[in-house]
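Chain naming follows the written order as A, B, C and D, and within any one chain the residues start at number 1.
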Amino acid sequence: MDLDSLYQEIILDHYRNPHHAGLRDPFEAEVHHVNPTCGDEVTLRVHLAEDGTVRDVSYDAEGCSISQASASVMTDLVIGKQLSEALDTHGVFLELMQGKGQVEPDEEVLEDGIAFAGVAKFPARVKCALLSWMAFKDAALQASSKEETHA
Amino acid sequence: MDLDSLYQEIILDHYRNPHHAGLRDPFEAEVHHVNPTCGDEVTLRVHLAEDGTVRDVSYDAEGCSISQASASVMTDLVIGKQLSEALDTHGVFLELMQGKGQVEPDEEVLEDGIAFAGVAKFPARVKCALLSWMAFKDAALQASSKEETHA
Amino acid sequence: MDGLLTDLDVIRKDFPILERRVANDLPLVYLDSANTSQKPQVVIDAMVDQLENHNANIARAMHTLGAESTYAFEAARDKVAAFLNAPSRDEVIFTKNASEALNLVARTFPLGPGDRVVITEMEHHSNIVPWQLATERAGAELRWFGLTDEGELDLSNIDELLTPGTKVVALTWVSNMLGTINPVAEIARRAHEVGAVVVLDASQAAPQLPVDVQAVEADFVAFTGHKVTGPTGIGVLWGRTELLDSLPPFLGGGEMIATVSMEKSTWAPIPHKFEAGTPPIVEAIGLGAAIDYISHVGLDRIHAHEQAITGYLLDGLASVSGVRVLGPLDPTRRGGAVAFELAGVHPHDVAQLLDSRGIAVRAGHHCAKPAHKRFGVQSSTRASSYLYTTPAEIDALVEGLEFTKNYFKVG
Amino acid sequence: MDGLLTDLDVIRKDFPILERRVANDLPLVYLDSANTSQKPQVVIDAMVDQLENHNANIARAMHTLGAESTYAFEAARDKVAAFLNAPSRDEVIFTKNASEALNLVARTFPLGPGDRVVITEMEHHSNIVPWQLATERAGAELRWFGLTDEGELDLSNIDELLTPGTKVVALTWVSNMLGTINPVAEIARRAHEVGAVVVLDASQAAPQLPVDVQAVEADFVAFTGHKVTGPTGIGVLWGRTELLDSLPPFLGGGEMIATVSMEKSTWAPIPHKFEAGTPPIVEAIGLGAAIDYISHVGLDRIHAHEQAITGYLLDGLASVSGVRVLGPLDPTRRGGAVAFELAGVHPHDVAQLLDSRGIAVRAGHHCAKPAHKRFGVQSSTRASSYLYTTPAEIDALVEGLEFTKNYFKVG
């Protein structure tokens, strides 16, 4: 058990100073996700631009260092990206997390997210790292289907 | 496993030539009992005299040698007795059957019933031996409570 | 003998109980595998290893033992999913036995007045009673396929039975009494034409046939751990995702929730929605080891072995005068459970006499009273084989039946 | 230390897992026994012996192995009956866990529109959700006792809650989160005055207190095997004969019937009426061995040990600044599960840090979300002891908490 591979400095930094925290207007979709095992929760909003850019992701999260830091890193990675690109990043992160520590993280794509490579070795914590990502995917898809309905 | 202690000659005789078999009138109570495990069944009628004597017990039974022989022996033992005495005999037989082969049977009371002492050593067969006895007790109590209501 | 497992001796060594001596020191001849199968050492060892080295509650536990236990438990789910060729591991729900799995569907599947459920006359009580209770609750109608004299499903009135009002067709893949292998894919196709879902009781199929839920286009499939060389206390319900997602919860409690407040609760996604409370952890792990074991031997090889032994058994029984087999006589069209009557001797007495010679068979109605009634018998004797059964054990049975006839002076 | 088991060293030797080393070869410090207890060798051995030497299905089997298995299974029922001081062995129903036992009552107990069920805010989800579902189905009303700031039941409005419309009062004997021991006999008395039946969740009581169903005048009592040193896959519902007799069946299937025809079935007497399908046989036998084991140590001695350890644990936690214990602070009025917060560190992170030192605790809501909400927390860390817990293990926990604070630079 290598604690420091789990609690990388990057993670602890994001935990102490989460980016993009708080709930903001405007948004097209808001979701509430829980980790049923431990009760960690996140309320998350997605605001898409007309051209499909992720304009804003705002959130109110209650949870452990891993889940908090993950939300912070996620927002850094998806805000400003095209939705499709953001969902690709989601896919890459998911793969890293489900890789049982065998997947080599891609810094180009994941930036600070590579710090979570160590989390993949702690199965009980994988859900923590994924909570906000899953919420993002859910909200983003809701938001984009709303856009389509309007169009 | 001593087969012959289970299948005593007395038992096989009663099995081949069951006493008091068949359903007869008159009767005050008729019951139908099954052994849920194996499906053995007995339909049994009790006819009580006004003075509380067991005047007749008639039955239609489908089942193994042990359950058939037991019905035959039971009718021999209870017909003609006072109900209370018949129920006492039921109690003595029950005790023998539940005694795991440790109870010494009382020939005075149980007559041919002592042949079932060996059955008590075969837990799976105890229910077979008890099926008609339980049906008798049930029917006899129903019959006697009917008598009382009439009186 | 064609089809027999070539490594039968080695396989028998995997099962410690086969060393047991019973009835005044005779070797055990276990011919009651359709009732419950024996357990190979690897299954027992997997359970002991879990209990001695890894035991913890799952999902909820963050610590090392908890992670190990969760991993082992969920790995068992993967194994079951692969065993059934399930499209998704989340479709595998652990129950306590096949009966609970069937009740889960019968309790939660939406039925209303006038709806119809169709079962068959050869079902195990566990696939009859839940539907009697469900249709009674809903004011729905229960109908069933009858049986031919050969012990096969009588499908002559299938058009009449399967109507647009038919919501569920629930049937056994292999009969535990008659041995019949039913044409489940064909029935599923017909059921789907009228929009009914198909519930397959694979309790007797899973031990001895390759069970592919996609190939037969089933909607729900149930089986039980203790008949596939696994432990008691564990069963499986597989169901299609859309269906499982649409059903309301069955048991409420820990692990099946998303959130709980005093006023209201919401449910976790499948499979957890249907797994309230601490699941049978060591049992699931044992089942996983069992599935590894029988898959390693090979379901095709087991099936061939069962057919060979069953053919030999049917021949043996045919040689005993007074024996009447209930169910198909063609070993290639049936499973390895053979129920029969012996003229003049009640099944209990047959079983008792055989037991005195170390031979374990089952006597009674085998939880299939309606099928017995159909054949005009109240009970029967059933001999059932499995991958460890030898021809010599069948010989012992046949000799035992002759001995029984002698003892009771019949024939 | 007063009350500690004098033979603690010997007892620890009974539990093979306590030899486990985790987290880079540190000794295991298992403080998660309220989640699931560890298993003594005698329990494992009883299960192995059953699987290797006696395995057969019960009740239905006439042969030697069947008789042996049936005997062992029914002997386990006798042991449970004695353990609970049940008036009759037939009142002991084997389920798969406590959750199923509670669901059994909630599903079958007759409730109608306007009827009231009363629970408490400290219930485990398994004693909340089944009643939510039951009252919703019946159009009945669900109410609950609140909690005091000390973590005890707030009985101030008992007259208002327990009215003649109250049909069921369901509550936990010992809280799995707060540790509170509830005055169940007193509440049962009050409930009976209004004609309600009392359902006690003894999941946390059975491991550590003498549970006497007659002394507390309960109507139903549930507990779970895996918390009393038994295996998973087995739970118990005890109920009074008249009540169990009056309830309709729960799951339908094999073993719970008297007769079955395609049209209609009738039910076996209790306990079998509620035991559909092949029961958890090896698990019941394991539970029987577990009950023998803890009874042999003595529930009074275990209770004293738990109180001593819990007192020591509460003192230890009080010495760590930033720790806030949720629940009663008097060790004589509570059980051995102690949930707490550590200021500035999330329970997951606490548990993770402790795990890196070999210490197993639970983090989360412990299936008691409403009780957490009542205390304004979303989750907590819980340390829970059992008969094998030593003061040195508590010391390790306290040191671990200081280490955690250091690591996260708090306090």
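As a convention for this text, a contact is a pair of C-beta atoms (placed from the backbone, for glycine too) under 8 Å apart; a residue touches a chain by one contact, two chains touch by 3 or more.
Being a predicted model, the structure only gives us computed values, none of them experimental.
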Interchain contact steps from subunit A to subunit C (minimum; 1 if touching): 1
Chain at maximum distance from subunit B, centres defined as averaged CA atoms: A
Inter-centroid spacing, subunit D versus subunit A (mean Cα positions, whole Å): 37
Distance from the mean Cα position of subunit B to that of subunit A, given in whole angstrom: 75
Gap in Å, rounded to a whole number, between the CA centres of subunit D and subunit C: 31
Residues of subunit C engaged with two or more neighbouring chains: 23, 60-64, 66, 255, 257, 259, 348, 352, 355, 363-364, 369
Junction residues of subunit A, two or more chains touched: 1, 37-39, 122, 125
Residues of subunit B that touch subunit C when the two form their complex: 1, 3, 6-7, 12, 37-41, 62-68, 122, 125, 128
Subunit D to subunit C touching residues, read off their complex: 16-17, 20, 22-23, 28, 30, 32, 35-36, 38-39, 43-44, 47-48, 51-57, 60-66, 96-100, 102-103, 106, 121, 124-130, 132-133, 142, 144, 224, 226, 231-235, 249, 251-257, 259-262, 264-265, 276-283, 348, 351-352, 354-355, 358-364, 366-367, 369-370, 373
In the complex with subunit B, residue positions of subunit C that touch it: 23-24, 346-349, 352-353, 355-356, 363-365, 369, 372, 378-379, 407-408
Footprint of subunit D on subunit B - complex, ascending: 1, 34, 36-39, 122-125
Subunit D residues within the subunit B interface of the complex: 59-64, 66-67, 70-71, 255, 257-259, 268, 272
